[in-house]
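Structures follow.
Okay, so chain A shows up in both of these, paired with chain B first and chain C after.
Coming up: the complex of A and B.
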């Protein structure tokens, strides 16, 4: 029997190390403050994409409603920041000073009860994790226990995304409506709008993402990860073996939701506002596309896919403001038709074999001079 | 994006040479003598994209997404104004070059692109935004990096910034004169409000309601309904209209919803020739989609109609159609967008500098006598003094102006008594 893959084998370590170097050394060295902040924004989407790899790629649960979780995190953070920005002296022009400006515009004269916990930063951080987990649990229990799966689950999550948008837009007195929650200024007294703050936030964001990537790999390589794959491929067989399929599905759905929520909170910090345009059906599907372009089975692929699609989006829209959407659409079609496994598939088929050969030769017997010579030869001509 | 700009200029230049048409509005302002061009170091002390021969501005609207249909007119108007200004010698002897970015109907993208224009391109001004949401997203960026935004849309007010010039009307300017007119001329006693569900319709209706309840004797609001953006089923509210029979249906439904709303009104047998309807959200652009037959007889209340009968407007309409085609129509916001580059040029020349702080300080009091809508002036609060007009929709998609406020109306973005 083949040895079960252990957490973070050498290949994974090298790959994660490479990503860490790109995120922490290469990007900050090459990009100016503005572009770096853009990368930070892209990376917040990568949190969602990594969650989708676990939920969709491994677990086979396609969620088209990840925007809802992104929003739960993003709005949680935005509510905290907005309350801090709405001090009495900042808002003395309003009819009711001390409440967020959009509430004042909507004739609300008192802070609603569900905004109260967001006065406290620790509580906010806790809620950013707990609320999506709870929400995922409720939705997951309601559906997986009834064995709703596949396309039906995808459609229901998509409906959730639509409902969330309508709710946020309709309750504009409490949520800021279409405009979203804007004009955020400080995080616990620290001005997040300055260039130095953006720089620091970029690193916080990148390191947090690397932690999430590591955690996702841990889940993938654990027994749980293998059960997820088994469920995806033969759900009934897993059930007959005595596993509670629904519980595993609920867990991975909640986990993906929490990842997305953390991404949402980081989005608010990096971009400086949160709006319903990141919640609905279109952004939720876009997040699935990031994952698909990266390769839905690959955790690191999801990160690279997110970066690649967003870079393309930004640069195409800057160069061709009137044509860029067509270009982007063409890119997606090309990727899906030619490389159904996304960037990770390209890597696996065309790059990995060379690295494997080098590693295998290396690990066979490091003292064997012949192997070393062969390894050097392979390394010298990787295109071979 | 120098390509299209150059083409545009050469096209206009050719037209000039051939004597087909003198560049419209050219010569209406004192020409900046080329020999008089002040040194760049003197007019640009903050590192904006100004050279001895060129100054760069940004155009930031949605070219893609749901808002593209509305914002295209603004882009066209801004490009027209820029090419006309360049024909006259530019601003402080410098030709205007523009960088166009697509906000893609997406508010975070607007913020991202505004930042790019200010930080990377160092533009001297941005002509842009359309929806309130996009402006709210861009505002902190513009304030943080000290840029200057010329914002063209009529909007809800409750905002004022050193870094924004609002070339459209705020809500009290747009609405109050129209309400007074409809009460006086039509003897209206009851109103029914129908709007899209976001900040502008809600704030506008709040102001309208306060005005009706507090300032006009014997009138009242009998209904108020809101629908999500993009909503297309208005049957239930049309039934309510039939039950309550209001004297005036007052609407601020925006975008594509209008098409469904007016078609369903007509289908339900509500004849706008008999039933008074006043809209503050339908311009010539929207009628293009709604169809003149479906809306003929409705009144619109805003500051500009394409049919305005004055020489400035005739020249403007002719130049616009020459540049963008005979079939184009010009709505209120398009005209307001056209004012942006002109107001900026005049402010820069008054200030003798491109520096944002100096422009912000020099803006109040800037007068534009040749605006298509007629004389306008920038108020201390960075909004425009302007007139309000009521137009009657015709079958051909144009409005017949039936009322014009006798005086310029003072902009009042924080109206007391209407909160």
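Coming up: the complex of A and C.
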């Protein structure tokens, strides 16, 4: 139960190191290009799941609309890539050359103003962070300052996911509609469709995810992380200790949103398109399930949970596509009822004790468990 | 307003004409009272008299329907809960309100008055000053051996102490305690009285309590509340012998 509050203690370091080895050495060594690209796709969802650990697991704020943030990042990147693919040269057969093909099909003759900034890569990267942060801030301020929380907040975010899908599909001249933004080719002149580009993008994605994991751990181990837990427990007490609870809720909601947006942008780069199928209610709920399966309090659990559910989804839906949704629902119920701490809880309760025991058998001075616990407590104690 | 003109001297806390109604029911009704600096005021009264509601109003948990609450030149009725805390008002709830999932150390650390903004919390350093203060308070609240246990594992009495400790570390000018010894064993009560006697130095305290022995021990002045109004006010001696008080409160 007890965690040393210091950032990146030995245990964290080993665990993150292990994940890094799996992502950077094991997967690339074992998987072919196609499978590795699939893993890259799964890992982009893990950005969302890590954000949900902070927002939902620690802070108790359940958002069923993370797909919206995923879309803000994903579409931002897709708009940049699409503009680069729609040079006058490439689109000279259109009635208006130089604009994305779907706009031309929808009788649009001029690039809309909100597409203009996405001509520039630095601006695009900036907007991929800023727009979701701003959106999170506006929604968060509107909700949390009014003390909307719990189920009401979850329902409102779910409605946002539905609205976003409807907007994207309805405005097909501006967004590519139900097909999304496809036929993406180059990133600043670098062809992202080749096998070697996909291989490189896999590593960029994995390393970025490890950075986000590290940052999330920093937040968790800071006093802010403990305030999030305190808020989940006793919101009023936090208020009467002199904190503005709404500000902390807004912050963590924005942070989770930015993580999700980075994941969305990486999705577009790795998978090569962005579409409303990744935005709505179902994908948003799936992201919550990844987090729950991993263990909603565990940042690393979120990554493993995302991978596990997606591997299962891919293999199951290849053979029994119609069973997948049922399986997913069943999985969620099982996790909530039987393993509320998900994979991380199973690891902690069933695997970790064996490892600890094995390590102790090997160590030279055999100490009794009580003394060992006391020693750990002393090591964890900040007062010593 | 029941008071005519402004009070001649400067009080730490001046409550005037305070009223709150819940769906027409006036839980606190045109209430006025004043608390001096370094004064220990005890509020007594039967269940449902509105005692807890008065504290709720002062600390901003409940918004008043009418009246004013002035604390050091500041109008508290217009401030948010966290602003009221920053102004120097601390409050202990009737049932222990602590963070079960955090350790005793972390519970106290969160109440340490530094790094209360988002950025401040993110960059907060657990330095020697924090550790020393937490250790000091933990010692005072009899929990120095439990610093690294989760608060969920504490007994009811220990939870009450922890919450008192959280207020202590906050170092408020006005400390409000809602039934601090309720539900405690006799030995815990004695220790708590001892604890309160040490922490009430150099600040004003507003205590709600039923234990008359305890009240006699600490009160400078007693306010008796009944149906949202003041029934009697003054020294313990005076209040105890007030026939109205005997009838509605002390008599049974």
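To be clear about the criterion, the second predicted complex is superposed on the first by the 330 of 384 C-alpha atoms of A that agree within 3 Å, B and C clash if a C-alpha of one lies under 4 Å from a C-alpha of the other, contacts with A are read in each partner's own complex, and residues count from 1 in each chain.
Everything below uses one rule, namely that contacts are C-beta pairs under 8 Å (C-beta built on N, C-alpha and C of every residue); 3 or more make two chains touch, one makes a residue touch a chain.
All figures in this text were calculated on a predicted structure; none of them were measured in a lab.
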Exercise. So, A:93: does it touch chain B (first), chain C (second), both, or neither?
Worked result: first
Exercise. Of the partners chain B and chain C, which touch A:54 in the superposed model: first, second, both, neither?
Worked result: neither
Exercise. In the superposed arrangement, does A:106 touch chain B (first), chain C (second), both or neither?
Worked result: first
Problem set entry | Touched partner set for A:254, first chain B, second chain C, both or neither | neither
For this session: May I ask you to decide whether A:322 touches chain B, chain C, both, or neither, giving the answer as first, second, both or neither?
Result: first
Seminar exercise, completed: Dual-contact residues of chain A (chain B, chain C) none
Seminar exercise, completed: chain A contacts chain C in the complex at 1-2, 5, 219, 222-224, 226-227, 229-230, 232-234, 236-245, 247-248, 251, 377, 380-383
Exercise. Where on chain B does chain A make contact in their complex?
Worked result: 1, 63-64, 100-102, 104, 106-109, 111-112, 115-116, 119-120, 131-133, 136-137, 139-141, 144, 156, 158, 197-199, 202-203, 206, 228-229, 414, 419
Problem set entry | chain C to chain A touching residues, read off their complex | 59, 61, 80-82, 85-86, 90-91, 93, 97-103, 105-106, 109-111, 113, 115-118, 121-124, 126, 131, 135, 147-148, 150, 166, 170
Exercise. Quick one: in the complex, what on chain A touches chain B?
Worked result: 32-34, 37-38, 41, 93, 95, 102, 105-107, 166, 169-170, 172, 177-180, 182-184, 193, 271-273, 275, 277-278, 314, 317-318, 321-322, 324-325
